[in-house]
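Here chain A shows up in two complexes: once beside chain B, once beside chain C.
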Partner chain A sequence: MSLILKRREIPIAIFALVSLLLLADYFTGAWPAVSREIIGWAIILWMFSYVLGVTSLFRYHLTRIQKHSQYWAYSAVLIACVFVYLFSGLLGGVGGISGIPASKAFNDFLWLNVLAPLQTGILSYVGFYMYTIFFRGARTRSWDVGIMMVVTVILMLNVAPIGVAIWPGFGPLGDWLNGVINTGAYRGIMIGVGVGLIAVWVRAMLGYERAFLGELSGGAQ
Partner chain B sequence: MYLKGFELFVFAALCVLIYIGINLAKRKPPYVRVFPALEHIDEAVGRAAEMGRPVHYSTGVGGLHDEWAPVTTAGLAIMGEVAKACGKYSVPMRYSTVLAYLVPIAEDLIKFGYDTAGHVELYNPDMVVYAGEEQRALMSAMMGYIMREKPAVNMLFGATKYETINFLGTGAIVGCMQFGGTPRLYYLPVMLATCDYCLLGEEVYAAGAAVTREPSQLGSIKGIDYFKLLVVGLMMISLALALAGSNLWGQLVKM
Partner chain C sequence: MGAKVALGAFPLADRLVFLLFIILMAIPILRPIGLPIPVTDVTRKSFKLMDSLKQGDVLVMCFEQDMGTYYSGAPPDEAGLKHAFLLAKQRGVKVILFGTSTAGSKVYIDAVLIDTEEFWKPLKYGEDWVNFGWLPGFETAMAGFARDVQGTCKVDVNGKRVEELPMMKNIKTLNDITGIWYSTNTNPDMLPRQWSPLEWKGLKWSICQTLFASVPWIMPYVDKGSITSYVADQRGAGEYEMLLGKLGMGATFMDAQSIGHLYGIALIIIANIYYLYTRATKKSASKEK
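Up next is the complex of A and B:
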């Protein structure tokens, strides 16, 4: 029985059936209830997969703590944070069941004063990197990247007030680059992306693409 | 009930052409141009072996549950090949993800890669790290790892979002050899600027097939080329009709 369940044809068949049903709904509007049910199942299965993730997370960090690997203290902090946040939330009451008010207040405090600022801090890195990346990490090793850098500078000067003050031509030049060159390239790439996306689906349907099953093509596990 | 006739026709035509491409390739393997990003994977992993430092890989926040599933699949396929190269040169690798269901898939792929290279004993389940179901958790986990461990090679292939900037920015600062690929247009410039080798747009999808060099996989790329010819033909027809003042094309598309 277990050998039958391990056959790669079974997940490929499930994938094919599910995707054909969803496609039928998209193209013809047939069986919308079935599509909704399938998507609901997918979400339920996804939720169950959290167990795998948490197991992996704990295994990784507990091993580091046990072996006293370099920076193991960070792993200890992470494990402690998981438990403190989880239990303060659970004791504070979930799903309409009231719990200990002090625990809920502590959980809210952690959310507002620890987690939210940390998340904002990490987000601010995005802006920081976006502005500094070209100075600190850019690798202009080809003509293509050189052209992109020049265009980037022109577009920055196009939107920055100082650009037009330096040379009024940055306005129309930037608009032309955005409206003609950029839009044309964007549409071309989007067609290619759409076509490539369907090609992967066809390969998966025919069983050639098996990476999503944890297998490499060209060899049997 | 309704029928999106034109869309269905285009979709069916593409599927048929890819199928034809695959079948033709079984008889005569087609020529597919070399992707520098894939050609240099071996060299990059060899460099990591010389430096005695690990290889870091991620598919970003994109998963198998949304419209970006095909690109994540392609990213995972490339990761399998990277794992093979890591096994060949006895280099440790690490895969970071934000999606729990990718953990067992990545574990299997990495193990299979090391096994194929004859070094399954080097495989360790801790090579796959789950950062938590939150993009910012992935960002901070990857940035911290890169700053602490300074991997020799840093790779990001998949449906990446704004973690691309932090991930590749940090890699560039510590001097990693960087590989990237995404069909997401917003992040292509960042990849171009910070990576040594890039896969742009649909190249990522094609790379998933090309990395194996299997005739059937390469055939699907040929099928895409046939379809693009068809698209160019349709564009010419629509242009001619529009110039002639006909509304036929508009009616056809609305079918």
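Up next is the complex of A and C:
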């Protein structure tokens, strides 16, 4: 019995059946109730992925703490933060069950006034690097680099209101670069991605793509 | 404990570039210059779409954002939300809010709601607007919402069941929604894939609020009508605020953006003059040899 359940044909068959049902419903609208049900299951499964994520996070960092690996104290801080945030949230009330207002306020404070500014701050750091690149990396060494520089300057002036104030032509010129040149390139990328996705789907249905089964993908065997 | 990275690790020139950058950014934020913000056709189109909502129309505002780009994404969302609440008050438009990312629901909705309190305070929760918080599942949640609104949004952010919210009574599928404001800084593909006005006949339009860098990404969809219009970044926010007549974060950041971009261009020019000069000097030196 257990050998039958371990056969990889079973999950591949489930994948093929579910994806074909959803696809058929998408194009024909023949089984709306079935597709609704499947999507409902997918949402529930998605929630379990968080449990899986937290479990691996704990396993990895608790091992680091236990072994006193390099920078293990950071792992301890991370675990402490997870618990503080989790319990302040749970005590603050979940799913309509009212909890301790102070705990909810503390949880909101952590999110809005600690986590959000920290993440925004980290990304803002990119701004400093960009200006270093302007200063150190923006060297017109060849014609193609020169074209890139000119386009960069036009788009920078197109986005900022001062560009149009300097010369109204930066508006339509930047819009043309974005709407025609860039969009054309993106269209090509998107078609490529779409074709690639169809190929991966067909490979997965035929059992050649097995990454979702926890195996390394390989060719036909 | 860890390797120390001090500011002194950077060359002096870089430190000066950083310092000047901070000063140039701070000045217009602390003391706005008030540069004119020309309104582009696409933002005007988005504004008109929102403004076309009538009594009983339903607007969905979905936030799939992440916190890192808060100052790019929140200004347009704030402007859109102000407009939505004004329409709810003046014309009886129904507004549904939710996020498909945790940050989208927690930071974007919660923080923007704090900033727009005067706009939603006069409205009746449950009758004029609702907030479903976070719907887990990203694209799956979007697909679920389109096919079964009540099954996907079972409880609101306060734990109230959807059956207890009067405005949700007749909203069953995406065909019962008039317009969508979808805010994303990650993958805009999900909007046309799941909520296309071409597929859902009841849905009249969709607006994608995204980063300026993502505009070429969504343009093929806009060309074909899978996305009706878009509002891009802080610039779009500034323009939207001008049209709405309620200035906010977008207009404030516009001056800083103008100065920041001019500073960037100045650095590119200086760097290239220096590069060409050193190259010419090296060439003449090698010729002399």
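Note that in this section the second predicted complex is superposed on the first by the 152 of 221 C-alpha atoms of A that agree within 3 Å, B and C clash if a C-alpha of one lies under 4 Å from a C-alpha of the other, contacts with A are read in each partner's own complex, and residues count from 1 in each chain.
By our rule, contacts are C-beta pairs under 8 Å (C-beta built on N, C-alpha and C of every residue); 3 or more make two chains touch, one makes a residue touch a chain.
Quick caveat, the model's predicted, so the values are computed rather than measured.
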Touched partner set for A:152, first chain B, second chain C, both or neither: both
Which of chain B and chain C A:213 touches, first, second, both or neither: first
Chain B versus chain C as contact partner of A:28, first or second or both or neither: first
Contacts of A:204 with chain B and chain C, given as first, second, both or neither: first
First (chain B), second (chain C), both or neither touched by A:187: second
Greater residue coverage of chain A in the superposed arrangement, chain B or chain C: B
Interface residues of chain A shared between complexes with chain B and chain C: 42, 46, 50, 71, 119, 122-123, 130, 132, 134, 136, 138-141, 149, 152, 186, 190
Residue ranges of chain A in contact with chain C within the complex: 32, 35-36, 39-40, 42-43, 46-47, 50, 71, 73, 93, 95-97, 108, 111-112, 115-116, 119-120, 122-123, 127-128, 130-132, 134-136, 138-141, 149, 152-153, 156-157, 159-165, 171, 175, 178-179, 182-183, 185-187, 190
Residues on chain A engaged by chain B in the complex (per definition of touch): 23, 26-30, 42, 45-46, 49-54, 56-57, 59-60, 63, 70-71, 74, 118-119, 122-123, 125-126, 129-130, 132-134, 136-141, 144-145, 148-149, 152, 186, 189-193, 195-204, 206, 208-209, 211-219, 221
Chain B - residues contacting chain A, complex: 1-4, 7-8, 11, 14-15, 18-19, 22, 64-65, 67, 69-74, 76-77, 79-81, 84, 99-101, 103-109, 112-113, 116, 125-126, 128-133, 136, 139-140, 143-144, 148, 162, 165-166, 168-169, 171-173, 178, 183, 185, 189-190, 192-196, 200-202, 204-206, 208-209, 212, 214, 216-217, 220-221, 223-224, 227-228, 231
Sites on chain C touched by chain A in the complex: 1-2, 13-14, 17-18, 21, 35-38, 40, 66-71, 103, 106-107, 110-111, 135-138, 140-141, 143-144, 147-148, 151-152, 155, 158-160, 189, 212, 215-217, 219-220, 223, 233, 235, 238, 254, 257-265, 267-268, 270-272, 275-276
